[in-house]
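Shared chain: subunit A. Partners: subunit B in the first complex, subunit C in the second.
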Partner chain A sequence: MIPFRFSYHKPSSLSEAFEILSEDGAVPMLGGTDLVVKMRAKRVTPKVVVDLKFIDELHNVSFSEDEGLVIGAAVTMNELIEDFAVVKERFPVFYQAIKKVGAYQTRNRATVAGNIANSSPAADSVPPLLTYNAKVKVVSADGERLVELKDFFTGPGRNVLKPGEIIHSIIVPYESPSIGMYYKISRIKAVDLSTIGVALTIIDPDGKRDIRVALASVAPTPVRAFKAEDYIRDKELSASSVERFAELVQESTSPITDARGSKEYRWEMAKVLPKRILRELGLFEGVA
Partner chain B sequence: MDQVKKSIIKKDAFALISGMPVYTDDLAPKDALVIKILRSPHPFARIKNIDVSEALKVKGVELVLTHKDVPRKPITRAGQGYPEPSPYDKFILDEYVRYVGDEVAIVAAEDEFAAEEALKKIKVDYEILEPVLDFEEAECNTSIIHPEKEAFSQFDIGYMPEKNIAASYSMEVGDVDKLIEECEKDPDCVLIKRRYYTQAQAHVMLEPHASFAYIDLHGRLVIVSSTQTPFHVRRQVSMVLDIPIKSIRVIKPRIGGGFGGKQALHGELITALVTWKTKKPSKLVYTRREVFEATYTRHPMRFDITLGAKKDGTLKLIDVEVLSDTGAYGEHALTTLMVAGSKTLPLYNKVEGVRFRGKVVYTNKVPAGAYRGYGAIQGNFVLESAMDELAQELGIDPVDLRLKNVIREGETSPIFKIMGEGREGVEMIVRSCKLEEAIKRVVELSGWKEKRSKSERNGSKVRGLGFAIAMQGSGIANIDMASAILKLNDDGSFNLLVGATDLGTGSDTILAQIAAEELGVSTDDIIVYSSDTDLTPFDTGAYASSTTYVSGNAVRLAAKKMLKLIKEEAAKMLNVSPDEITWDGKVLRAGDKEISLKDLATKLYYTENQKQLVADASFVGPESPPPYAATIAEVEVDTETGKVDVLKYYTVLDIGTPINPNLAKVQVEGATMQGLGMTLYEDVKYSGTGRLLTNNLMYYKIPSRLDVPEIHVEFLESYEPTGPFGAKSVAEIGIDTPPAAVANAIYSAVGVRIRELPITPEKVFSALKGGMKS
Partner chain C sequence: MREKYVGKPIPRVDAYEKVTGTAVYVTDMFFPRMLYGAVLRSPHPHAKIKKIDVSKAKALEGVAAVVTSKECPYRQGIYLVDRPIFATDRVRYVGEPVAAVAAESMEIAMKALELIEVEYEPLPAVFDPLEAMKGEVLIHPDLASYERLPIYNIEPEKNVFHHHKTRKGDVEKGFKEADYIIEGEYSLPQIYHAPLEPHGAIAFYDFNGNLTVWSSAQSPYTLRNLIAHAFKMSRHKVRVIAPYVGGGFGGKAGINMEGIVIALAMQVPGRHVKLIYSREEDIMATVVRQGMYAKVKAGVKKDGTLVAWEETMVFDGGAYAEYGTNVVRAAGYTTPGPYYVPNIKVDSYGVYTNHLVGGAFRGFGHGELHWAVERHMDKIAKTLGMDPLELRLKNVLRPGHTNAMGQKMHEHTGNVEACLKKAADLIGYGEKPEQPKDRVKRRGRGIAALVKAPAMPTNAASSVVIKFNEDASVTLQVSIQEIGQGFNTAITQMAADALHISPDKIKVVFPIDTDANPYEWQTVASRALWTVGNALYRAAEDALSQIKNIASQVLGVAPYNLEVEDDRVYIKYDPEVYIPLKDIVMGYTYPDGHAIGGPVIGRGSFVPERLTNLDPETGQGNAAAEWTFGAEAAEVEVDMETGEVKILKLVGVFDAGRVVNPMIAAGQIIGGMVQGMGPALFEQITYTDDGKPISISFTDYKIPTIADMPDEMIADFVETPEATSPFGVRGIAEHPMISVPPAIASAIYDAVGVDINDLPVTPEKILKALKEKHS
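Right after this comes the complex of A and B.
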């Protein structure tokens, strides 16, 4: 059980939610797969839990080539990938990463917004979203603002949200067809956080071929390897260029040792995995 | 045989899967006081002062106890037969705390909120002492973990607390030093010396440790506990709290897994104490974190092994030296050490010399205790990895090396007599041993010969096969005692009362099958009631792979007696002599006279020769016949990431007669997964300050459903003459082979030898690349 007392509310509108969220010690909740776990362990002890799942507006999903994919905060990961084929078709790397979150049961409750708001360096949905230049729509009683996902995180468990602000939706712009891979190393095959996660997305593979890379669990926040991307842009994928590219990806990380893995292993894998993904995509031959 | 060798559904299966309230926490009185424990944040400290006055002021708090309030009486919580081979080195609460998680104070309150609040208000002033965190530096450390004078051992177990040694042991057959010397000089001889390590695996049973207590109408103390050993609980509670045994009743409801972790007492002493003091019901349910931080782990061990063999593969000598880490308390210290030898070394019974020595040291870490495999899995990883290394050195197929040296039916080993559990063992000829057949069969099943001859590579992934064999025991010979009572009902059904403890294994069902088979009735007509110290006869408990063999033999003997009684009564009714009676499971006949069992039972109750038919029997195993396993694991190693995938797992076993083949199979499958968990995933990490980091299921990873390989389990035809209907044990044998089989497979795939469990991708990667830069 949760070893302290708190009150639980399920507002049906945003304005109602903002009102309750203004109370002392109030926190928002979506699937609760992070929040409830932390409450049980007494790592967070809110006085008021505001469940946002019952606000209709937060359940919207839409897609157009101009507006991109808009994901309401309360949409569960399973709803998103099972009910909206566009995710798999247009954002394949994001789709793969979601499938690697927890287990099926976890994804029945977990949301992408919760994954982002929780701001863990290990958040699996974040690296692909970074490669797709996603934005976060933040709302509060005072209005709304749009934050680039790459600017959202400020440290492990920390982000730019101010008191009273919540994530309303995630916007994933659509640029062109893409291919890629999310490669997650975890100790067991399900219900485990990543020891390292690498999203490599190739935007417009048959045209301008923009290779983008972002990683989880190798730095205080999920990171995008801009330097490596700049280096490989317009370059032929040869053994030496891919090697240098992978080194630059590695250099964008600053891993630590924790219960899931050592900093040495993470460091090594940060170089192995980008090469390996390029090979598995058939863009490069050689050992990783 | 129609009731045994039959996959009958577990008697409690439906209740369990339909979510009926059957576990300890489901059954606790709703008004029970909730107990919470304040635990030490320091690995080693002395409590200078403890102030509970503020905690007592919290509304709803009933009681707060510190070391000043409880009897200072040393005990062992091990849950073993008396006198235990474990040091009496633990107090319910003590002035010293010896690991992060050790009990400091007990709070009992109306609800969990009040109890939690009170915990925060207890003020403790600690004198921090220098902890011993590295078990290789424990012996003769300047920090002495058990300086107290009261601690003692019941008999000589090599207990030397002044040196931080909880137990020690040594034995030797032949002159091993001389053999090593000879071997070194002999060009026809190969000698290998290796060092291995195994880790402190956690049990991760689904149901955490839980118990509750209340006072019955006679003023007696009733403890309901998720325990593997109700009779040991009764004895130990009586001893520490000075409550007569006759005033205590211990009941075990259904258990959600134990694996040895619930052999020991972990909450019972506390609920008993609280209820005895307050006369109110109380309950203590451990959090998952407490299960990790404050119960038991497997004993981590370091092994130095030397094997010597002739070039033709004849094994000449085995020399094993062990250092084992028992953590803060010495429960099961000696016996897990000894089992590392006694349940592995007899596999190679033809050696000229064998030596086994070891020390078990105290450290300021989570205490170690019983865990399925109980030393044998550690010893097996080492012996069977080393045998693989030896085969490599000799250029002999690892299977052939085993076939040349293994024990066979009708043979013996001097180890059986020399090494028991905590004391001398018994001489034993292995009457049933299909190890050789198991080896041949697993080789055939797995395609060993064809697959070993070509290495399969797919991009960065390479496959390999590894082989290992194992043995275990069936109960502790001459120590474990079980008993059973059968009672005839007026409809011709039987109550079977057993002290044996079903902890999810299905032993209630298996014991009913044994009774039914002997009585010639259907298992449905046997109503089992188990593990209640008031109502069921004594049983040492569910550990050491004992229930089917030891308790099963007691049940069979009781059933035999019952059948005799029935025939005698039928003979009286029919006016014939008992040996004229024939019995078909429903009707008793003599010539043309007959009476059904139901009629007989009804008459005995109400009209003629009135009496209750009751039969009882006890059994102590004069031997502990080993089950055997031969295993081949097929793995795929990713050379770029060091990841190891077990693809296929073949294991062929001799467990004697499988009383319930389905339950036997799931025992082996479950044990396999626990063994694979220890082999590949279950890493135990401490902070530099002695705090367990892997203290929840996000940090500590056991294999998930998706990590289960294709597992093939096969039982060979085998019959153990001393077992009930030919049965031996199956509970532990399956856990022993995974570590070595997988380590050997990894070697065969990529040529790296990992000698330290768990075999994480990092270790494999680092070994493949010759190190990682830091």
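Right after this comes the complex of A and C.
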């Protein structure tokens, strides 16, 4: 049980939500898969819980090549990947990562916006979104603003949201066809947080071939390995270039030891996995 | 025994209740005016309690009772009475109960806990059992004064709650005869049972001083006994009712958290108090499997013949001994497992530390001992350049051999050789597995054997009452708990064959109520079908002889010329002459109205035959009633870049004596193998450096999920009928978990050539070993 008193509201419009969120000790909730667990352990003790999933406007999903994929904050992960084939077709790495979040039952409630707002360094849906240059549309009573996902996180569990602000939607620009892989190492294959998660996305694989990499659970926030990406751009994928690329990915991380794995293991995997993914995608022959 | 229903895959009798969610567990039970309990726990691994102030909590509106060791100064323990229900002068682990409240709602109870003020003075703590044996920190300074069964050998100055000795033959002589002396060290951490249903109990104390406890309990009668002992009550004043148990695995045996809720109920006579543990409390404050460190020295001839085995096992028993005393003893008398060695010296120590409390866990010391024994057998094979299976087959216990406690093996004791050969065949042992194209992934196969007997007192008793109803249907009373193992179904099949009636006509009385059901020691030790089968056989004979005696008078033939079959009793040599069973089982009434006989009630009781305590200095004697042998095999794929292991296939083969229900038995084996995968690869209780448990929720205590299942799992049997059971049965419940970790470790070696001897075998350990191998 949740061992303290709080009030629960389910506003049906954004304006109503903003009003309640302005109360002292109010927090927004979507699926609750993070918030309720934290409340049960008294790691957060809100006085007011504002459930946003009864606001119609937050349930929209749309896609066009010009506007990209727009995911309303209250859309559950299962709705997103089961009802919108475009996710799997146009953003395959994002699709793979969502399938690695918790268990099926978790994904019946969990949302991508919640995963982002929770701002865990282990958030599985975040690394692929980073590689797709996703943006976060933030709204409040004062208006709206667009934040680049790469600028959203400020530390473990911390982000740029100000009191009264909520995530309205996630915008994932569509650039071109992409291929790639989300490789997650965890103690068990489902219902586990990542020891390390690596998203490697290749935008326009048959054209400009832009390789992008982002990682979970190896730094205070999910990180994108820009230096490695810059290095490998326009280069042949040879044993030596891939080796250097993987080293640069590794250097973008600053892992620690926790219950899921050691700093040393994570550091090593940060180099092994980018190479592994390139090899499994058939873009590179070498074996480490 | 004539078999009509034994051996058939009859669906479970509890299937509909379970799948429709109508089966009742303690947490589903509510009573009028019921109070809710909550427990305040120690934040320190070892500290003096200087002061407890409960006045503010007591003053809170809605609080009905607050209890500490002041109101409840009792200790509990099954073999060694060392565990206070509430910490008294000191706390010995993080999570130990210090106080409890009963309140009108959970919310008020939780609020009241915050109002209890406890002043602690931290004491030096010890977490490594080897360190604890130095005795620099004494966790139980008064150990020598605790009440205990005399078969347990304490060494108070070393924090040792039992030191078990096995001395067979002469190991020094054995080592002299050996061509090789091979040594090794093996270890494993504490692990958690993870039952679906956490511990829970409801207690009610009435104004006549009668206590009723509803508990998720594996051992209703032993629970009653231990409650009465701890609270100094007469047995007849204590009633335990045990509804369905949502998984026990040893963790719900004996007494556990019931004392807390009883202490609360005694403060508020006439009101029910309910206490259901959260997952965190269940991990932290019930019992876990003990950790273990083992050091082995084996003497072997060039041809692989074992001639001497010397081993020291040190168990991390945590803060209190619980069943650990007997775990240490069972591991001590069973080592070196299913192998014949003429000269054996084993010292098995149970040691107190400031870790979570160790207790009974499926396997009861055998998962631990076989990890050391089977890993060491692989090491011996490697040293000798011999195939590991061949080495095992060369040394298995065979008829005529004696085991470590000196018991003679017979043809009917069971056949480990057949189990090994069948498991080898099913895993494809000897052929090289097909390797994946990806050169960083390598596959391998491994095999390990095992043996386990029920670890129980020499006089662990069972009883059965068979009551015939007016229509010749039967209610069967027995106090073995249905904990998911399928007992109620299997005993129905056995009763049907023993009584020569249809299983549709039999109901097993449930839930168990110690005021109504007959005595049973416990639902532990994989002994239920064996021990209850004996009592059932006697009860059925008793009932049948009553029926035949009545019919003999009516039909005018000797009882031995009568046979009972389905719904009638007939003359064997003239089967058309019969009396419907329903006309007999309440007594027979003649056409003129006069009646003879009376309701048929069959009674059967049983204690194991010819068991003895073991000699305290040599461990020789007759402590085990029946041995179940088995063998398990694994095929794995190891990723040499990441260290990840995928289990492709698991095989378990057990000499069950006679398989009563092949469907349930196969389920038992598959479930056990899955439960063995967890500790093999990832399960462990982890602690901070200062002794605070980390993995106290499912966020960090991981168990296998459906996504981790092997591609294939095979359960199979050998059937060498057990001579001490009229049904030929022996236990298989705990066994499937036991040798999965060594089989997997062996397969990993076969795949990539590294040996991991410290569980769990994590990707990090594999990578580190691979690097050391290649450097």
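What we mean here is this: the second predicted complex is superposed on the first by the 287 of 288 C-alpha atoms of A that agree within 3 Å, B and C clash if a C-alpha of one lies under 4 Å from a C-alpha of the other, contacts with A are read in each partner's own complex, and residues count from 1 in each chain.
One rule holds in what follows: a residue touches a chain if its C-beta (ideal position, glycine included) is under 8 Å from a C-beta of that chain, and two chains touch if they have at least 3 such contacts.
Please read all numbers here as calculations on a predicted model, not as lab measurements.
Visitor: Report for A:L193: first if it touches subunit B alone, second if subunit C alone, otherwise both or neither.
Guide: A:L193: touches subunit B and subunit C.
Visitor: Identify the overlap between the subunit B-contacting and the subunit C-contacting residues of subunit A.
Guide: 1, 3-5, 41, 103, 185, 187-193, 259-262, 264-265, 268-269, 272-273, 276, 287-288
Visitor: Along subunit A, where are the residues that touch subunit B in the complex?
Guide: Listed in rising order, the residues are 1, 3-5, 37, 41, 103, 185, 187-193, 258-265, 267-269, 272-273, 276, 287-288.
Visitor: Any idea which subunit B residues touch subunit A in the complex?
Guide: Touch residues, subunit B against subunit A: 112-113, 116, 289, 460, 640-643, 681, 683, 685, 693-694, 696, 698-707, 760-762, 765-766, 769, 772-774.
Visitor: If you look only at subunit C, which of its residues touch subunit A in the complex?
Guide: Contact set of subunit C toward subunit A: 106-107, 110-111, 439-440, 641-644, 682, 686, 694-695, 697-700, 702-708, 762-764, 767.
Visitor: Which of the residues in subunit A come into contact with subunit C in the complex?
Guide: Touch list, subunit A to subunit C: 1, 3-5, 41, 103, 185, 187-193, 259-262, 264-265, 268-269, 272-273, 276, 287-288.
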